[in-house]
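Heads up, the next two complexes both have subunit A, just with different partners, subunit B and then subunit C.
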Partner chain A sequence: MLNYRPLVFFWIAEYENGTALPQFNPNTGEENKFSLVDLPRVKRFGWYPFTHELSAKILKKTSTVTISTDNPSYVVNLRKGDKLIAKRENTIKFNMKGGVINRKTVYVLGKVGGKVLEIHEDGELK
Partner chain B sequence: MVATVGVYQATGGTDGSPANANENEIATSTRLQTKDQFAPNDTSYPIPIPTSGYNYSYWIHAYLKITGGTFTKINNIKFWSDGAIGWNFGTNGELRIGNRDSGDIGCPMDTEYDLATGTEGTTGDSIEDGTNGHDYYNGQTTPTKNVEDWTSSSKATVDSTDHTTAEKCKAAVLQVKVASDATQVKVKSCLPYGM
Partner chain C sequence: MATEDFTSYTETDPNNHLSQTAARSTFSGLTRGESCYLYKDKGAGHFDLSQDFEHLFDFRITSIADRSFVNLWSLWNALGDLYDNKVVSDGLVVLFYHSSTSTREVGCRIYKDGNQYSSTRFTISADTTYYVKIIWTASTNTLELRVYTDAARTNLLGSTSVSQSGVDNLRYIMVPQSGTTDTYVNVAISGYVENLDLQEVSTYTKTWQSNVLFKKLGITKTAVVDTAFKKPDITKTLLIDSALQKQDIQIPKQVDTLFKKLDILKTFSLDTDFLKKTIIKSFAIDTRFGALHP
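Moving on to the complex of A and B:
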């Protein structure tokens, strides 16, 4: 049994000079850590659903399970000085008579002082 | 990518050094009882309804433990309930959680771990007890809060530390307080942990 929630979205950070850093290299499945994102240069940031092909590459490269879906993509445009909010919020329900159940992940996206989206694993907004 | 995180319970050992760390899973959930042990299927140590005053469960340390995976940072660990535990603890009885007057309410592990004590089969010591209570909480102005007071619209911050490596997070210290007019029922309680 998997002891983690499989990812259903991954991030791509687009820079002002037209380049981009994706969480996963689409050719190899290798991961780039979020700490590598040069935040002051980001002009657009988004959560994107996995394709079957990318999920397969990630599984092969890292043995990590991700789930491909037909969920929509969500992006936020950033201006100079905007502060990005992008994170995963995980909830674990700890039931005193039923153990640990119902783990879930919400993907959060927005900017400080602006609208913040809470995106569920099924692609729906909270 | 993803961190591997489990909900654990610490028992035994001595203050600052628990002997055991057991993971709560679907089939092996913690049990609030009148003994310091992780024994989900042991019903030998219920909390008797007192003829007067209160009886307590032994307190438990429940915490998230990051055991591996690849991740940048885990932080902002919250605790809340649905606001309606549903157990009848009697007048002023409650399911309570250790509380701090300021900052995170979680108990740093293992440094502030306090071995649960009491009289096995009868009652645990109250977290709030000035002598035998939990040392990380019993000197606070409000040493405990009713779990029902923490809801999705008012979450408790258990741990605001940035965790960047596999390690233990701060613990929610839980205890049941039972009054003489409590009633015995079979119910469930859900206590979400968020991060």
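Moving on to the complex of A and C:
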């Protein structure tokens, strides 16, 4: 049994100069840390569903399980000075004996002072 | 592989001891009494120490004095000379030092939480061009310095290394960087570093051309729109409210009407039934009694 919630979305940060940094390298499946994102230069940031191909590469490279879906993508456009809000919120419910009843992850996206989306694993918004 | 363009780097140079061309960063009369460095901000965590990397550069020391010192190459999370930075930032360093025994030495260091971890140093000559390969090995947290005497990097003059775990990912690259002290403040050094190649494309492509990336991932970029952000909340709330309001009104009405109808029918049918039973029962008894008592 997995001791973590498989990812159903991954992030891509697009910069003002036409380049982009993906959470997972589509060639190798290697993961880039979020700390690598040069936030002041980001013009678009989004949560994207995994393709079968990318999920397979990530599993092979890092043994990390991800789930490919036909979920929609969600992106936020950022202007100079906007502060991005992008995170995963994980919830775990335990029963009285300490066993896990369920886990879920909500993918959060928005910017400070603006609308903030809470995207569920089924791709629906809260 | 593309080499770094030093004209895009930024100087901190109070005494005008630095100059650059695209390929070469020159220091002339750099002393240990000044805070002087040329740097590039590569972005937070750019130098990811969880990944292996190799940097290449060439250097030549053209003029030295006893106890003169320079960091030929260094990575930091803070801006300052060596002695400012080492107390506030983790760092990786390749240094040149003219020691008290008048030997010219190169070595490397790791700075972690204010502590200095040094490799052994080996001797080189002045007025000679050397070709350097710096290797960071993530699995062993090792910084290795290799110095070659040819551009193809086949004739190894010497190598040295140092290891330390837990070093932060780093942001700034400095070529060169001075190291201030309270002593030997006027000893000077001159030389240059050139053809700095971070080899970032060959080791691991982190950043993609946006269109290439989306094509590779099979995502139609134009179809990805921020519609979720464009939908105004107020309209949605109004729509939901009015829909619910309609349902609230209609449902009670329908239910009321239905129950009303049912009530009438039920009462009517029951009454009739009981009425019939009563009549029939009475009739039967009466007949029986009538028969017994003619």
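Operating definition for what follows: the second predicted complex is superposed on the first by the 124 of 126 C-alpha atoms of A that agree within 3 Å, B and C clash if a C-alpha of one lies under 4 Å from a C-alpha of the other, contacts with A are read in each partner's own complex, and residues count from 1 in each chain.
The definition used in the following text is that contacts are C-beta pairs under 8 Å (C-beta built on N, C-alpha and C of every residue); 3 or more make two chains touch, one makes a residue touch a chain.
Given the structure is predicted, the values throughout are model-derived calculations rather than measurements.
Q: With the two complexes overlaid on their shared chain, look at subunit A and say whether subunit B and subunit C clash or fit.
A: Here the two partners, once superposed via subunit A, fit next to each other without clashing.
Q: With the two structures laid over each other on chain A, which partner does A:Ser35 touch: subunit B (first), subunit C (second), both, or neither?
A: both
Q: Is A:Leu117 in contact with subunit B, with subunit C, with both, or with neither (first, second, both, neither)?
A: After superposing on A, A:Leu117 lies in contact with subunit C but is clear of subunit B.
Q: Once the structures are superposed on A, label A:Ala86 by its partner contacts, choosing first (subunit B), second (subunit C), both or neither.
A: After superposing on A, A:Ala86 lies clear of both subunit B and subunit C.
Q: Could you say whether A:Phe94 touches subunit B, subunit C, both of them, or neither, answering first, second, both or neither?
A: In the superposition, A:Phe94 touches subunit B alone.
Q: For subunit A, which side has the bigger count of touched residues, subunit B or subunit C?
A: C
Q: Just subunit B (first), just subunit C (second), both, or neither: which does A:Val8 touch?
A: In the superposition, A:Val8 touches no partner, neither subunit B nor subunit C.
Q: Does subunit B (first) or subunit C (second) touch A:Leu78, or do both, or does neither?
A: Neither partner.
Q: Report, in whole Å, the shortest distance between any C-alpha atom of subunit B and any C-alpha atom of subunit C after the two complexes are superposed.
A: 11
Q: Which residues form the common part of the subunit A surface touched by subunit B and by subunit C?
A: 33, 35
Q: Please output the residues of subunit C touching subunit A within their complex, sorted ascending.
A: 43-46, 48, 50, 169, 204-211, 213-214, 216-219, 224-226, 228-229, 233
Q: Going by the contact rule set out above, which residues of subunit A touch subunit B in the complex?
A: Residues 3-7, 23, 31, 33-35, 62, 64, 89-101 of subunit A touch subunit B in their complex.
Q: In the complex, go through subunit B and note every residue touching subunit A.
A: For subunit B paired with subunit A, touching residues are 1-7, 24-32, 40, 62, 64, 69-70, 72-73, 186-195.
Q: For subunit A, which residues count as touching subunit C in their complex?
A: 12, 14-15, 18-22, 25-28, 30, 32-33, 35-36, 38-39, 41, 46, 48, 51, 53-54, 73-77, 110, 114-115, 117, 125
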